[in-house]
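Look for chain A in each of the two complexes below; its partner is chain B in the first and chain C in the second.
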Partner chain A sequence: MRLGPGPRHAIPVGILLLLGFAAPLVAVTAYSLATPRSFDVFRSLTLANYRTILDPANTVWLSFAWSLLLAAATVVLLAAIAYPIAYGLARLFGRWAGLVGLLFVFPLFISENVRLYGWVLFFIKGGVLDGTLRTLLGIGGPDVLFTPGMILFGMVYVYLPFMLFPLTLGLAMVPRDLIDAARDMGASRLQIWREVELPLAMPGILIGFLLTFVLGAGAVAEAKVLGGQSVIVITHDIEIAFTYAQNWPLGSALAVLLTLLIGTLVLLVLWRLDLDRILGRR
Partner chain B sequence: MRRAIGLWTGLVVVMLYLPVLCGVLASLGQSRYFRFPVQQWSTAWWERTLSSIEIGILIRTSLAIAACVTVAAVVIGFVGALAFARYDWRGRRLYQKLLLLPIFFPQPVLGLALLLWFNALGAPLSWWTAVVAHLVWIVPVVTLVIAIQVYGFDPALEEAAADMGASRLMVLREVTLPLLWPGIWSGALFAFLLSWGNFPLSLYTTGADSTVPEWLYAKMVAGYTPMVPTLGTLATLAAAGALLLGGGLLALVRRVREAG
Partner chain C sequence: MAEPILRLAGVGKTFGQLRAVDRLVLDVEEGEFLTIVGPSGSGKTTLLRMLAGLETPSEGDIVLRGRRINDLPPEKRPTCLVFQSLALFPHRTVGQNIEFPLKVRGVAAAERRRRAHELMAMVRLPADYYGKNVQKCSGGERQRVALARAFAYDPEILFFDEPLSAIDYKLRKTLEKELKDIHKETGKTFIYITHSLEEAMVMSDRIGVMHQGRLVQVGTPEDIYQRPRNLFVAAFMGEVNQIPVRRNGNGTWEGLDLAGHFRADATAERGHLVIRPELMRFVSARDAADNVVEGLLYNEYSLGSRLQYQIRVGEKVLVVERSRGDAFAGDPSAPVLVGWDVRDQLFLED
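For the complex of A and B:
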């Protein structure tokens, strides 16, 4: 049997995803069925780890709740913050759009701990904000570090590009003529936004929401660097199970549950999208 | 409205770079602990950081990983982008979506999953396993970056060259690569810089080796010294330098081509 050029070119990526993405997920699932606190993977089959998690006395559900709540709040805030900028990038900035876009891409190349630690230096007692206020006004800065609000702030900060660029791609899909036509026919600004812009940009908006939610639900650096130990998010619980607790099967079971949650959401949304149109096939 | 959006964008950009600036300030003070306003400016921590052997090793490990990731990701991503956007085939839509899954997945969890998998395989962890881990996430990104260029590419040109008797290798060298190279170059820049700055995947997959972001994190948690903001700033400057160099080269070659 001879493969056509399309499938043939898909082979290298296919092998990578199979060995580097699918197989590790199978390994995690296998570990989640092993005897608690053991390393007998593939040799024992038990649901004990899941039973431990679902036990009402176990408070791990609180970590799940925090992660999902923080992720949802991140999505809402980022939608409001990034939409005007995406609109500017897609419509207003013209020849400056490339440069402005670059300014928003660049932070992705700086490790997130470095950027988050910069905020610690900004907000900490004796730090930039505190020192400035003390020098200028003689009052100390607010005590905001190591609170859940600060974790949310860090997540909004880190995931901004992941909302901004899909929104920009979405808004770039709206033909300008259509907006002009709607305006000529007497549509108000709000009507144009609701009836023309929003539905046509929806694929990009959906991708932005999905991406920031999923990454936010698995976020951990923000909670550890900016949040102190004020909130334990689910990925932190998973890490604890793998490191201090040395309970790989339990950590694996938590990871499987998180993956199921995220995977269902991603598949539901992604399957409806036409990527050729979003990425610009003409 | 135009002005309001411009102003808002400016404000958000300032917020985006404010923590980077705080890192620069903290690296330039003399005292062991950061106090603002800085009492005594000094480059002592920079000198110490630049002359540290330990940090030299970290930088070399990070560079080695990023270099390997770039080469492998560009090759796999280039071929993958042709399957993504150039050819029409039955499984293409499914392939496009499967390719996105590693991007839509939390990296710390992916790192742990890879740790389990390497462990199950009995593969000893080192910076090599980190290369594999980075590729799982970076290849899809590079594929997308190149695919965007492929969408604007006219397949008829390849067919014309083949009709005139060019071999497959000649078509690739004389037609496909010259037309797609801006996308490939951008993909390479993305691969290098994303690998250079990556923390969550490296954390679980480098074994005894350590990268720059890993060392920074370890010191942030326990054992802060002003070398933390110094090395952080240094890594940022290196990324900016690579981006300017890569972007500048891209613009230059484009201009020369348009003129010629």
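For the complex of A and C:
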């Protein structure tokens, strides 16, 4: 058999994708069809796990809802927080932009769990915030740790760079001349933003939205560490099924459902928001 | 004389140590086509951006119909700039681009559409281009869209920042003439900047030559061509011969380290004689022209209908242009005499 140079050179990457990407997906899917609480993968085919999850008496849907809700809220908050910073990085900071950008990347060098435990030490009773306020003002710090709001705070904090940099890239793609021209023709700041800046920066904005939504829906550490299990997110359920419960088939079925759910949502968004049309290539 | 529509009173712009625009004084008349010509870095783009409101002058005043507009933002100025990049909105159609200034002003959709079609007809764009994507348009069509969009804003003055520089020669010539026609039809005031004097000559009522942030000379194309004020303007007009000369005791002039004397009507001690290549001719004797130099012919080029000769005189190379019917007929290896008359030369003081 003769292979062209293109396919031949794609073989190593193809093998890597098969082993590292496709194989785990196949394994998880196969596990989700195995007999509950067994390791009979590839030997039994049953929908029992899915039936358990979809049983109206089962409250696992609440975990799905929390995950999606937290992810959506994270996206909205991040968009509001990251847009002004991205605008500064793309337009205003000039030669300082590199340094400012680096500062936002810096936390990524430290393990996420370590950073989250750092926030626990900051917010906990007798921690940095509480202790400082007590010493200086004689009042205690707010009791915010282990609440859903704290989970959201953690997610916004952790995923900020993943929103910030696509947004910056998107805004940097808007030519300066276009903004000047719009002003010159009498457009107000709001009109410029709506008619010129937003549509032209949309590819970057969309990538930021999708990236942070997918990451947020798969987040687990924030809910466990900062949320103190006040809320159980779906990823936490999956983790419990695989560890304490030793019910791999159920965990796999949850994972498959989550993948399908998020995959459908992302595809829906990409299908509804035609990038080519937004970019005016059509 | 009527009040000028735009008056520059010592307008300057300084970037750090650099004086990009140096205290310009200029009146622009209502309805004229004024072109500012200058090489890159002469400050002409900075000047235009100040007039449009995209830069703030460091000194001086910009006065529009008697009103100082230094601090008026671009969106409030009754002026519109056609950018060098054209700055068309790539995510919008031809129609949407042209309607943009009307849309931000809140004009109803039907009226916008009617006006857009009117303007498209004016800039000679086919009506079915209304729904076409601007990115699918050719360079010339994009020029027309940008022009129509600027007119949609209905400005009192239109500024042009070398919009034709990226267009090929033949189309540029067509667009230059069309722009001139549109200027005449609309009666608006146009201020155009370019580095091409040829472009300026074709279109303008008046030309201002800019060099190192200063307006060196302002005048009609004829003025600039016939009576350049200094060597920079003379050289910017195209290939000219410049001969440095100094006064002799006996009222004549000497230069080029030749024994020959030059005649010139001037009183200064030293200066340059400027002679256009087409006004120089080959002569057979020293007294066949007012001024004659001797040199060696070392190059000959065809310019199509004319021929160009390069004559080396000492260290200097003179350029002579003749029509084909009047080609050099002598011995190319022998010294040649090149002459011109006093009325064809220009004396510029140093």
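Keep this in mind: the second predicted complex is superposed on the first by the 252 of 282 C-alpha atoms of A that agree within 3 Å, B and C clash if a C-alpha of one lies under 4 Å from a C-alpha of the other, contacts with A are read in each partner's own complex, and residues count from 1 in each chain.
Heads up, the rule we're going with is that contacts are C-beta pairs under 8 Å (C-beta built on N, C-alpha and C of every residue); 3 or more make two chains touch, one makes a residue touch a chain.
What you see is a predicted model; the values in this text were computed from it and never measured.
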| item | value |
| --- | --- |
| Partner chain in contact with A:V75 - chain B first, chain C second, else both or neither | neither |
| Superposition-derived comparison: chain B or chain C, residues of chain A touched | B |
| Which superposed partner A:D177 touches (first chain B, second chain C, both, neither) | second |
| First, second, both or neither for A:I151, with chain B first and chain C second | neither |
| First, second, both or neither for A:P199, with chain B first and chain C second | second |
| Partner chain(s) touched by A:L257 [first = chain B, second = chain C, both, neither] | neither |
| Which of chain B and chain C A:L121 touches, first, second, both or neither | first |
| Residues of chain A at both interfaces, chain B in one complex, chain C in the other | 279-282 |
| Residue ranges of chain C in contact with chain A within the complex | 52-54, 73-77, 79-81, 83, 85, 87, 89-92, 100-101, 103-105, 133-135, 149-150, 152-153 |
| Partner chain C, residues of chain A touching it in the complex | 175, 177-178, 180-188, 191, 195-196, 199-200, 278-282 |
| Chain A to chain B touching residues, read off their complex | 4-14, 16-17, 20-21, 23-25, 27-28, 30-31, 41, 81, 84-85, 87-88, 92-93, 100, 102-104, 106-122, 124, 126-128, 130-132, 135, 157, 160, 210-211, 214-215, 217-221, 224-225, 235, 238-239, 242, 248, 251-252, 255, 258-259, 262, 266, 270-271, 275-276, 279-282 |
| Touch list for chain B against partner chain A, complex | 2, 4-6, 8-9, 12-13, 15-23, 25-26, 33-37, 75-77, 79-80, 82-83, 85-93, 95-110, 112-117, 120, 132-133, 135-136, 139-140, 143-144, 147-148, 151-152, 193-194, 196-200, 212-213, 216-217, 220-221, 228-229, 232, 235-236, 239-240, 243, 247 |
